[in-house]
Amino acid sequence: MINFLNDYSEGCHPRILEALSRTNLDATVGYGLDEHCQAAADLVREQIQCPQAQVHFMVGGTPANVTAISAFLRPHEAPVAAVTGHINTHETGAVEATGHKILTCAAPEGKLTPALVEEVISGYTDEHVVRPRLVYVSQSTELGTVYSKAELTALSRFCRSHGLYLYLDGARLACGLAASDLTLSDLPQLCDAFYIGGTKSGALLGEALVIVNPALQPDFRHYIKRHCGMLAKGRLLGIQFEELLRDDLYLELGRHANALAQKLQAGLTALGIPMLVQSPTNQIFPVVPNGWLQPLEALCRYEVWGKADEHHTVVRFVCSWASREEDVERFLELLKGMNG
Amino acid sequence: MINFLNDYSEGCHPRILEALSRTNLDATVGYGLDEHCQAAADLVREQIQCPQAQVHFMVGGTPANVTAISAFLRPHEAPVAAVTGHINTHETGAVEATGHKILTCAAPEGKLTPALVEEVISGYTDEHVVRPRLVYVSQSTELGTVYSKAELTALSRFCRSHGLYLYLDGARLACGLAASDLTLSDLPQLCDAFYIGGTKSGALLGEALVIVNPALQPDFRHYIKRHCGMLAKGRLLGIQFEELLRDDLYLELGRHANALAQKLQAGLTALGIPMLVQSPTNQIFPVVPNGWLQPLEALCRYEVWGKADEHHTVVRFVCSWASREEDVERFLELLKGMNG
Amino acid sequence: MINFLNDYSEGCHPRILEALSRTNLDATVGYGLDEHCQAAADLVREQIQCPQAQVHFMVGGTPANVTAISAFLRPHEAPVAAVTGHINTHETGAVEATGHKILTCAAPEGKLTPALVEEVISGYTDEHVVRPRLVYVSQSTELGTVYSKAELTALSRFCRSHGLYLYLDGARLACGLAASDLTLSDLPQLCDAFYIGGTKSGALLGEALVIVNPALQPDFRHYIKRHCGMLAKGRLLGIQFEELLRDDLYLELGRHANALAQKLQAGLTALGIPMLVQSPTNQIFPVVPNGWLQPLEALCRYEVWGKADEHHTVVRFVCSWASREEDVERFLELLKGMNG
Amino acid sequence: MINFLNDYSEGCHPRILEALSRTNLDATVGYGLDEHCQAAADLVREQIQCPQAQVHFMVGGTPANVTAISAFLRPHEAPVAAVTGHINTHETGAVEATGHKILTCAAPEGKLTPALVEEVISGYTDEHVVRPRLVYVSQSTELGTVYSKAELTALSRFCRSHGLYLYLDGARLACGLAASDLTLSDLPQLCDAFYIGGTKSGALLGEALVIVNPALQPDFRHYIKRHCGMLAKGRLLGIQFEELLRDDLYLELGRHANALAQKLQAGLTALGIPMLVQSPTNQIFPVVPNGWLQPLEALCRYEVWGKADEHHTVVRFVCSWASREEDVERFLELLKGMNG
């Protein structure tokens, strides 16, 4: 069965498995203080060109978001996110579980702008309401779209002039960077913190959280432990990021996933299927007639995203580091047959 | 350098690495709903002889403890633990972070008894104090000691007659079972919930949380996600437990670690070194003259546990699935030399 | 200065002050277990015609809402509220501070309907999202509007058939009942819990929280204490509710406030001033030209509610038990002069 | 019945009731921003001789403690308290409910010393444990004892040199100051924050929280609201403290309560009854034969504090601003009769 379900269906990139095997019986200290985590953190600092950044390896995206946001904010402070933002939709209230209200706004294509954030925060000025303090964005977004360097720069400037931290969720950063004019080294210039996602880019698990703003760095390891996110065998995360960050593998995997998804999107568009948004990354959102849903299930694994109108449904197709070009081609052929 | 530092210094048992390689490119559904997690959960249910138990694979011991305790208790209810209990000492307040006070008592050798628990709970009867509702024990304990079947049965009866849940932290369950007359199938008879620890018994990470009491089962996956503990590639945990639970590997690794630690303990005792407690498992706690600490550092990695008196220090030596008999023997030889 | 700022500007109804004086030197037990609290709770149960209801006297509306909602829900469960609902707007994230996400929907005139709630809850079905479990409504609403008996009954039926608790915030219940066909004795038929507001109806402070659903009653006093809401001199609340609930004083005060606000609304309408909503209660929301704001400040105290359009502003005028008819009349006369 | 049950059995000092009556129909702004709260805060600042202190009027002692501690600490930081400290015993886990573990130590007579605190904090140095950050003391303590100026100064110095805040719970500060060489103006020199208790010193409810350390002042009103502690009619608290702080009334009430309790303690001692501790304040702790408990109940209201040994029980007798000398004398006479 062709798999467009998500970008975390398989294990990990083979190079990671090799590295785990190679190092398996070495004894190291625990809790992420080992030499692999240190080497991987150094690689991160080098590639983002920010020697003073703190790097912490987290077990997943939700723990990265929740640990960071709750560590950065005082209890009455709030993050601002798009309604579609992952922290607002698919984390089972994990941010609120740490006591923080999330302020949201409808955001076209899942992207925040200074104007949108300004409108959200304008009403929050006294002690009867929470205080907006952090802006949460994703690159790529939950709708596959990306911020350009100009867009993220504008948002960053707005945040700095309004006393807001800018936090970037990089669950799909490999794809997000590969499809935009932003580079790894732009991020510490623009964000107070961000993470480089591993789980959806070829790792078994793990994200590299980068804290750029020195005011947000103290005691962060306490927060990781308190939020149940510190692995005894932290090396498992360091070893993986050592591999991902060597020889451009990370971005390479993003480019691969994007290329296949774009080929798929082009093919579907050629078949007359509209998209919910024009996504330049590895997630695409075709709007298909309801009658297609069942036949599609015979062809591939995919996710129903939502209702478009009475007769149409938005679906999500995702390509990953593990997707194969021949599968995309075969799927498009099968679809043509079905359509014809 | 001989390593007695802990039981999580190396990667994982080779069979686990083989299984990860074998399955690496299979596409499965995410979030622990895949066939490996299901098979591993079935293995757990089979070996504990409790078909109706829920099994959840957690990323570590702290997440298992915290997610379980906070899911099982209403906000004003409290766990009772030995002062030395892991939730009270080395989890950076993670249980309290979910809003629950921990009630503690001094417990000889780290073990709770009905009498000790009764004394703790006796003062908690009105609305000005929290309500004791769960008893937390570890097998083996943080001091390497174990509950016998009779002891755990007595505690279980006390809990049931006093409206208390009994929760068992099995971070070192392989060693705990290998050194006691308790078996896996005794646990669901006696406990409302417990976990079978993987991280300290040969897994890269992961613990199998077993919820026996049906009243505690509903919506547990919500709690895992809300507490940031749900892996997108949940299969990583399932695959490991499939291996650990096949062919008696799990208990085998416990027996191996215990045997080497016991050999070490016997050797040290023969050299006239007293122990803080008589531990039958893989952690031992020699009380050494302060002057030994530095020379010891040249021989092996170990942990300073605490001060015994002005002139003596308690240290901890740990053996694991990865420890080698020749290292224990060599260490004892070196020590004899040093001592002589 | 004529005061339309709010309904909590003065101290308390004189009868309350007399009762406090009369009982001042009586010694009673503390923490709300005294005879006044018991008598007041009996009066509540009698007037709502629900002998098995629990009644707890709370220090304010936010503590009532927060203590109730966080006691009623398990950690992953969520209340559903109108965007304008008090818990979502003016409680500084106090519900989220207890770990619960609030799900909201835009609600015309601040009122929820079965259709609105159904749309909110429809997407919350798996463990990646919170579980909707309680519907929060206010009577009167934050916009002065009221639920009719038919409307609240429809909502109640919907809640029961969908496993949702119905909770009614009665901060302004005196006014809400006085302006609708609902009576105190209807509420326990329709709601799982609600509160009878004192602070905004002539008390110094205090609200009578009524828990109807027996499943929500256990240990509620623990929650009050844990949420810092238990007064040592709890009698202060009981004595006040004894007075409010005798001789129909409570509803009388609501009728008085409504009547004056309605006279004001009619007068303003006659002057050609539109209203944001047609409120039948003690809060009205005129939409005035921006140029009026400054002159109005010379005539009365009021609150700016928000921007209507570029040239108009919504203001809020509130009448209370302490408002005087002559002030309303004088204000309207002054306004006519200003307008003329 | 003679009342030694507690110091919050009656309403309030008559002067407070007069002030409430006098001001009852004045309209003021809400939420503690009125002129009475401002005047009372000015009185506090004047009497403590600390013009830059922030003063917030809280509804009770638990809300004062919990709001302050949780506002002052970052999530992984912990207060240190005596085992007998109120936050550790009789607040239903309200501090833990905000996510903070409390670190405790056994403290003779309920009083902390630098040596005791040093021993507690010595083990808390890495990210696997919480970070001690605030020392909580009470004046008078839960056992009626008091800190001398020298003792509190030593503790204050220790705290400052170890990066710990010093917080003083003044639920019974009137009695605590009246029985020690400490004065109101010493407190801001020594503490980062403290509260002047009203509830147990003649107010209906309310405590004046004083925040001296400027680093702890920002946004505190947000915390009050978020913790459900902001009264709409905040004037109720200001008016009461205006009275208590005028003409030395506050300390006068403390002296009165102490004098009667000391007379009682002397009388009991003369009858051969030992005390649990020598308390110089308004709470005393006689150790009586178990056989006395029932006869005592016929003579007065009191509280059983705990078991002394198999044959003796510790009871607590409390005098207050409302206690009368003739009652103490009569009680001692009755007791002599019983004893004789």
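For reference, chains read A, B, C and D in written order, and residue numbers begin at 1 within each chain.
In the analysis below, a contact is a pair of C-beta atoms (placed from the backbone, for glycine too) under 8 Å apart; a residue touches a chain by one contact, two chains touch by 3 or more.
Note that this is a predicted model, so its numbers are computed, not measured.
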Interface with more contacting C-beta pairs, comparing C-D to B-D: C-D
Relative to chain A, chain with the most remote C-alpha centre: D
Centre distance in Å when chain B and chain C are each reduced to the mean of their C-alpha atoms: 51
Centroid spacing, where centroids are CA-atom means, of chain C and chain D in whole angstrom: 34
Whole-Å separation of chain centres (CA-atom averages), chain B against chain D: 42
Residues within chain A bordering two or more other chains: 75-76, 91-93, 97-99, 127-128, 130, 222, 225-226, 230
In the complex with chain D, residue positions of chain C that touch it: 1, 3, 5-6, 8-12, 14, 17, 20-21, 23-30, 59-63, 66-67, 91-94, 97, 199-200, 204-205, 222, 225-233, 235-236, 301, 322
Contacting residues of chain B [partner chain D, same complex]: 75-76, 78, 89-93, 96-102, 127-130
Chain B to chain C touching residues, read off their complex: 31, 70-71, 74-76, 98-99, 127-128, 130-131, 219, 221-226, 230
